[in-house]
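What follows is subunit A paired twice: with subunit B in the first complex and subunit C in the second.
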Partner chain A sequence: MIREEGHIGLLEGAVLVYAILSAKLFISSPGFLIEAGGPAAWQAALVMTAVGLLALLPLGALVRRFPGQGLFRISEEVGGPFLGGLFTLYVTLWFFANAVNGVRNFTETYIGTVLPNTPPSVLTATAVACMVYASYRGLESICRATQVLLPVILAGILLVLVFSMPRLQISRLYPFWGHGIMATAAGGAYYAGMVGEAVILLALGYSFREVKQVRRAGMIGVALFGLLTALTVAVLVMIFGAPDAAQQPFPLFNLSQLVYLGRFLQRTEALMVMFWFFNVAVRLSLLFHASVVSLTGLLKLPMYRPVIFPMAVLVIATSLLPEDSLVVLRIMRDWLIPAGLGVLFVPAALLALALVRGKGGQSHAT
Partner chain B sequence: MKPWQWLTKLLDPAAGAAGKQFSLGDRGDQPAAEDVGPTLLADAQARAEGILTHIDNLLEAGGKGKQALDEAGDLAANLDENVERLKKLFRMPENKDLIIRDLQIATQPPTRAVVCFMEGLTDKIVINDHILKPLMLLAHLDHHVDKEGENGRTAFSIDTLIRRLLPGHQTAEKFDMAAIAESLLAGDTVLFFENEKTAVSVETKSPPGRSVGEPTTEKVVQGAKDAFVEAWRVNVALVRRRLKDPRVVTDILKVGRVSNNYVGLMYIDGVASPKLVAEVRRRIEAIDVDVVNGSGTLEQYIEDAPGSWLPGMMTTERPDRTAAYLSEGNVALLVDNAPYALIAPVTFWTMIQTAEDYYLRWPFGAFIRYMRLFALLVTVLVPALYIAVVNYHHEMIPTELMLFIASTREHVPLPALVELIMMDLSFELIREAGTRIPSVIGSTVGLVASLVLGQAAVEAKLISPLMVLIVAVTGLASFAIPNYVTGFGVRAWRFLILAGAAVLGFYGLAAALFILVIYLAGLRSFGAPFLAPLAPMHSMSADALARGPLYQMEMRPRYARPLDQRRQTEIVRKWDPLAPSSDDQAKGDGQDEGGRS
Partner chain C sequence: MRLRGLLACLLALLAAFPLAGCWDRSELEEEAFVLAIGVDKGKESLYTVTFAIAHPGKMAGGGKGGGGGGEDKPLMLTSVEAPTVAGAISMADTYLSRQVSLRHTKALFIGEELARTSGMFTMDEFVRFRQARRTIFYIVTKGKAVDFLKGMEPQLEKDPQRFIEQMTYNVRYTGMIPSASQIQHFVTQVNTGYTSPITYYAALKEEGEEKSAKGTSLSESGYEAGEIPRSGGPNIELLGGAAFRGEKMVGVLNGEDMRMVLMLQDKFRRGLFSIQDPKRSDLFVSMEVHQGRPLRVDVDLSGPQPRIHATVTLEGELLSVQSDTDYTEPELQAQLEHATVGAIEARMITLIRKTQEWNTDVIGFGQAMVQKFPTVAAWEDYRWPERYQNAEIKADVRFTLRRFGKQLSPPRPRGQ
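For the complex of A and B:
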């Protein structure tokens, strides 16, 4: 049964949200923000975080009205079988598309960086095997594994940023307001779709021990991600300059190539890529698991495990559809991030609908 | 044998053929029904006799109240009949272990009785001095036993016999044959009496056993030197000696239909979670198997994931560790015939702790614990990192070092991975052989084998010198993992991660590690998450990965969900002028309570 996946608490929830978001820092996402904000990309990152946090505020009120329930049950209760089903389908498809895009992006990143001669199918199969196994073991295992791996995940980013400090040129952060306050704010708000994955808390909210922890977990996770994103884009701008940094397909990887830890350990990018693998694997596992669980609910199946393998085949097949890595990036920038903005506001929409139709709360308790 | 006879036998195809050789059934001979039938029939007859007698006794006791009904067993009033049933039950006369001694109790007139005990399991001196002598020589001195009944005949009272004539420290009345057999097999002596439907068992256990010795696998420099032995009662005493608290409970369970092995379930009432105790008891009672002959076997029947590469319970031969875990709210199982205690629940981190950690001053205890964690990482990662760097990520190390590695491998025809696997397997072989060889020469053989093999392999240019270094360091690190079974598991992981690194470099290494962590994160030991207190994150009381000062370990570990979480007051070193005063502590406690309320 889905409910038998175990329970997660505040810290696990926050780590879950942070981990699912932070993997984006290793691919082109910082480049999008730098493109939008120029030298003031860090401000765009903060705006993105603020919008994300605002959009998550209704999440707490929503799950309190429907304690112990996930997206599919809440949607169905609030919107009825048709409209509720559409909400669930939208979020599920978005998670699934992100998982597919993530797998392909992940493969392209590794081929483009440390494993250029490896067949893409091997990398894809390995990534999918990891996420299938993680999903099979359940949400509790993924969350706990993420907690264990968190120091490595954080080290993968912070070490690169810290070791890059000798190359920082603060003057590159000027002009301070970048392309202008309005342009930065608009860009940051547009890219708030990058934190759409935080809605995973709604999809998997039934696993929380205490309902009131859902919103706090989301807030902590998104805030941490926002701060690290702001720091990362600021460092990237200070080292490469905004125009160059915006063009880099793997900005953090390029940054790690510049790290020199003395004569014995000359180039650490392979080691860093290993650290990043953990983050990416956690992200893919969570996205895949959320889509599997939501689809299970949508189809009203009693158990999610039989859905895993067909979904895995679908992920592999669809991840092979884009022609090249540029198409993958374009799909993410032009489709998934804007759609993520919509996903981010699903809790608000469901809450509004629940209030209008008088669903949940006391009526639900009885 | 004459030559032609030998030749004839050799050439005769029928001489050594199947027909003349003994076979248990693999050549088509099935066990004859007539061999099985009588045994089953005899068993059924004996059971039927017992049931019929039991029914008669129940009918007789029908109007005499509850106690009479409880005491209505399957024994007959006829002494010979009871003894005959016992003989059938114990397969006499083929079985020579059961000793049956006919005697007359020295009452006036004498009362006929039979003494039964198992040879080898009992203490003969106790039987002679505390059972036979009083009954055969001293019974006539006791007027209470030999009093006149109303009808003028001697009234023989078992109750008085137990109270005045059997000075054994444990006696019990037995009413049915199954309980009598159980007592006999445990080493007790059982007495049957003429015209009595009740037998009496006297505690005379003296099973063969060795005296308490030193630990063999959990040695410490500072700390107690005693270790468990095969007698579980002795082991319970060793633990109780350290926990002088009436709340310490030892429940006795039995496992195995044939082995009927005793299992002592120890816990501290009020500290251990009742849910945990009930679950351990439930699992043991649910075992339906013929033989459970030790802690290792029992563990496999009751642990959460018996297929796991890591143990779900901790095995220890140290009474002090067992007592320490009991005091933290864990449960200990002491299995008869096993010189080990099983501790439940456990976490991964308990597997890399030792008793020594606590006997040393805390900075050193913490240091050796960190060293063990480092050893764990070395064991698991170093071979895989080497293969990943050599095969995929040359750019990571300086060119000079890379060229040196290449030059040492120049004459080696094998790929690095094959080299490593060969060396690893050789190391495992030496380790296994060293364990099985008699201890006097075991270490010498291991040392010689590793030195000679390593040197010879390098000189034969089958292995590069660096590879010997890698395998030696890894092997040495694996010995630092204190738990024997965990050591096995960790060495097995090494191969899994090595496979990942060999196929996909750091990518494969990371994938294998990710799967491993996911696997570990999902494991549980008797309801406790295996990676606690790291995941889920609990307050660690400075005793999980690290080892803080003892006086700061105020709380018991949370993973076992102890009923009483606090193990010591906040200020333990009250004599210390630098410690906060008791007033401060009271204020702090008040604030805590206020906060909680």
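For the complex of A and C:
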């Protein structure tokens, strides 16, 4: 067992899942869904949520069979050192790749919107410093900070959506079935990989006070994210129209620039960008911490903190690899999201394997 | 423990330094804030781009008000020939002491000639460039944009940008300009194709240049910008709209047309109307008309051509009767209501025919049409923009006089 102080409960877990997912709304993820669903992008978002929730169902049964254990322990016990190691490595690499892509995306987004003259290295260093400090403090600290920041994180999205209401044009949600029911369903299912980060509950599941709360936390977090995503893409389509909204790398930033309630309320993006920074910092910290902890388990190290610094250096180095901002988006759309679909089904695979091999169960019950 | 607290405070303070964004700081004194941009066809290059740059000292006080580039005016004007707006910014940066910035740009004026020929070439720059905002007003000027910017004298406002912004609010109580005309609306309408764009249309009023009314019963609104018979006041008129087909301008709508467009878009709020008196054709009845119920648009796709039936429900308040007819009498009231319906319906049909001749659905019937199609492919196969010209469109107006002002019968000379 990795030495890490503190425990988390249902609320912290749900907030954690929501926060790690919601930061995606500020970048091009809504655009992916709009590209897939067209005017019916909100339906694609609901399909994505449904698939994500279904995939998370086995998580509860799995952690109940292995109470107080995280991904690396469970996989090792279920799959043995080789197959179990592969499971852990797959999830760890995915978290790590997401953290790397997230750092670069953060840098590109801020340069592309509000800080065009700031050297990328400064932005990257700022993001990585947040990640390192948060990971050093541990999961409980991240969760507490996330809880405190939750109102700000929610405000960052909800305020923009509310202030945009005068511009809504419902007819832009038509044709109702977008590119067709099958295309919308397939697009939604494909992008279910966007909620793959919910598996962080498995990676850090040992921190939960009560095992039965793990699944509920995941469900609440994913459902909240899914509903907010459906609402966000619907608002984006109603304001920009599907063809325009699908082409925007920072749709919520563009939306906040449109807030124009007479002479009294304009230029809200300056405030929103600050709110979004908190969300991005939480997301990156959680992704980084999950990959650090999982790697520590994989390497059978007793403490995770010595792994932080080398991992941080790796994050910085690899985040510089993509040639341009489009490559960063393509990596996310063509590699990380499909791979996330696989990550989402890791709990189901482990549970199936545990049932077949008769691992876990009563002997582990608390 | 105390040391750790101090260290944490120190760290928080240090962390605050990069928040100032050192590399992206901008000093107000180093920037030339462009309040409005004019784009015309160029002579040497593709475009003549005119920047109306704020003169902060003169805007705050001391200036006589107005635009143009005179010594006391709050705007400095400069025009550059360049193939792109970014190119023009770059050129202007070479001879201005400050760096040109579009962060406070509020209006984009496009000369009519350019709007009719190339339309949207410049638009991508305003959508993509981080300094520009999609909330910039898109205004087509009668004649060249540079001449408009040079000649404009708002008078009532020191800040011409504020003047333009204030003018756009007029839609709430005149209904004679489009409900909105920002780059955002233009780009989205062109991209979705459910409706064609319609933008503000502005012109300078030359003193002594008066044109006659267009000869309709709603005569006070039957003018285009620059044609209102008047004297004095600001020399800028923002009236009617510029109709586009796709990205190119195809025609000008007058104030009266715009009222009909707004009614058929369900965006008409209220407006003061003068209606020919049904009992005395040489006199007028004035009333305030406002929307009674939401617009209803029925679409029938069963025939070879689409059939559209719009029902507009209006209500009104009597403001004045020039004749001595007492329109509070139920029978006469019905006659006045009927006359009002007839006048508005006639204008509506004229407007619809006009847009069909231009083959552009600026009214936005496409928004009702699209709801009849299950998928994007089915909608695109239908090719609505091409069918608009031959669509059978009918407009019904329902009008009820709800209020009669502060007096019932009109004042009459004693003994009559």
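In this section, the second predicted complex is superposed on the first by the 355 of 366 C-alpha atoms of A that agree within 3 Å, B and C clash if a C-alpha of one lies under 4 Å from a C-alpha of the other, contacts with A are read in each partner's own complex, and residues count from 1 in each chain.
We take it that a contact is a pair of C-beta atoms (placed from the backbone, for glycine too) under 8 Å apart; a residue touches a chain by one contact, two chains touch by 3 or more.
Predicted model only: the values in this text are computed from it and were never measured.
**Q** Aligned on subunit A, subunit B and subunit C: do they clash or fit?
**A** Subunit B and subunit C clash in the superposed model.
**Q** Could you look at A:258 and tell me whether it touches subunit B, subunit C, both or neither (first, second, both, neither)?
**A** In the superposition, A:258 contacts subunit C only.
**Q** Touching A:122, do we find subunit B (first), subunit C (second), both, or neither?
**A** After superposing on A, A:122 lies in contact with both subunit B and subunit C.
**Q** With the two complexes superposed on chain A, say which partner A:241 touches: subunit B (first), subunit C (second), both, or neither.
**A** After superposition on chain A, A:241 lies in contact with subunit C alone.
**Q** Classify the contacts of A:138 with the two partner chains as first (subunit B alone), second (subunit C alone), both, or neither.
**A** After superposition on chain A, A:138 lies in contact with subunit B alone.
**Q** Could you look at A:352 and tell me whether it touches subunit B, subunit C, both or neither (first, second, both, neither)?
**A** A:352: touches no partner chain.
**Q** Touching A:278 in the superposition: subunit B (first), subunit C (second), both, neither?
**A** first
**Q** Thinking of the overlay built on chain A, is A:171 touched by subunit B (first), by subunit C (second), by both, or by neither?
**A** So A:171 only meets subunit C here.
**Q** Contact-wise, after the overlay, does A:114 reach subunit B, subunit C, both or neither (first, second, both, neither)?
**A** both
**Q** Which parts of subunit A are touched by subunit B and by subunit C alike?
**A** Looking at subunit A, the two contact sets intersect at 114-115, 118, 122, 126, 263, 266.
**Q** Residues of subunit C touching subunit A in their complex?
**A** 18, 21-24, 130, 133-135, 165, 182, 184, 187-188, 191-192, 194, 367-368, 370-371, 373-379
**Q** Using the touch definition from the top, list the residues of subunit B that touch subunit A in their complex.
**A** 392-393, 395-398, 401, 504-511, 513-515, 517-522, 529, 531, 534-537
**Q** Over in the complex, which subunit A residues touch subunit B? Could you list them?
**A** 9, 11-12, 110, 114-115, 118, 122-123, 126-127, 129-130, 133-134, 137-138, 140-145, 147-149, 263-268, 270-271, 273-275, 277-278, 281, 285
**Q** Can you tell me which positions in subunit A touch subunit C when the two form their complex?
**A** It comes out as residues 38-39, 112-119, 122, 126, 167, 169, 171-172, 174-180, 239-244, 254, 257-258, 260, 263, 266.
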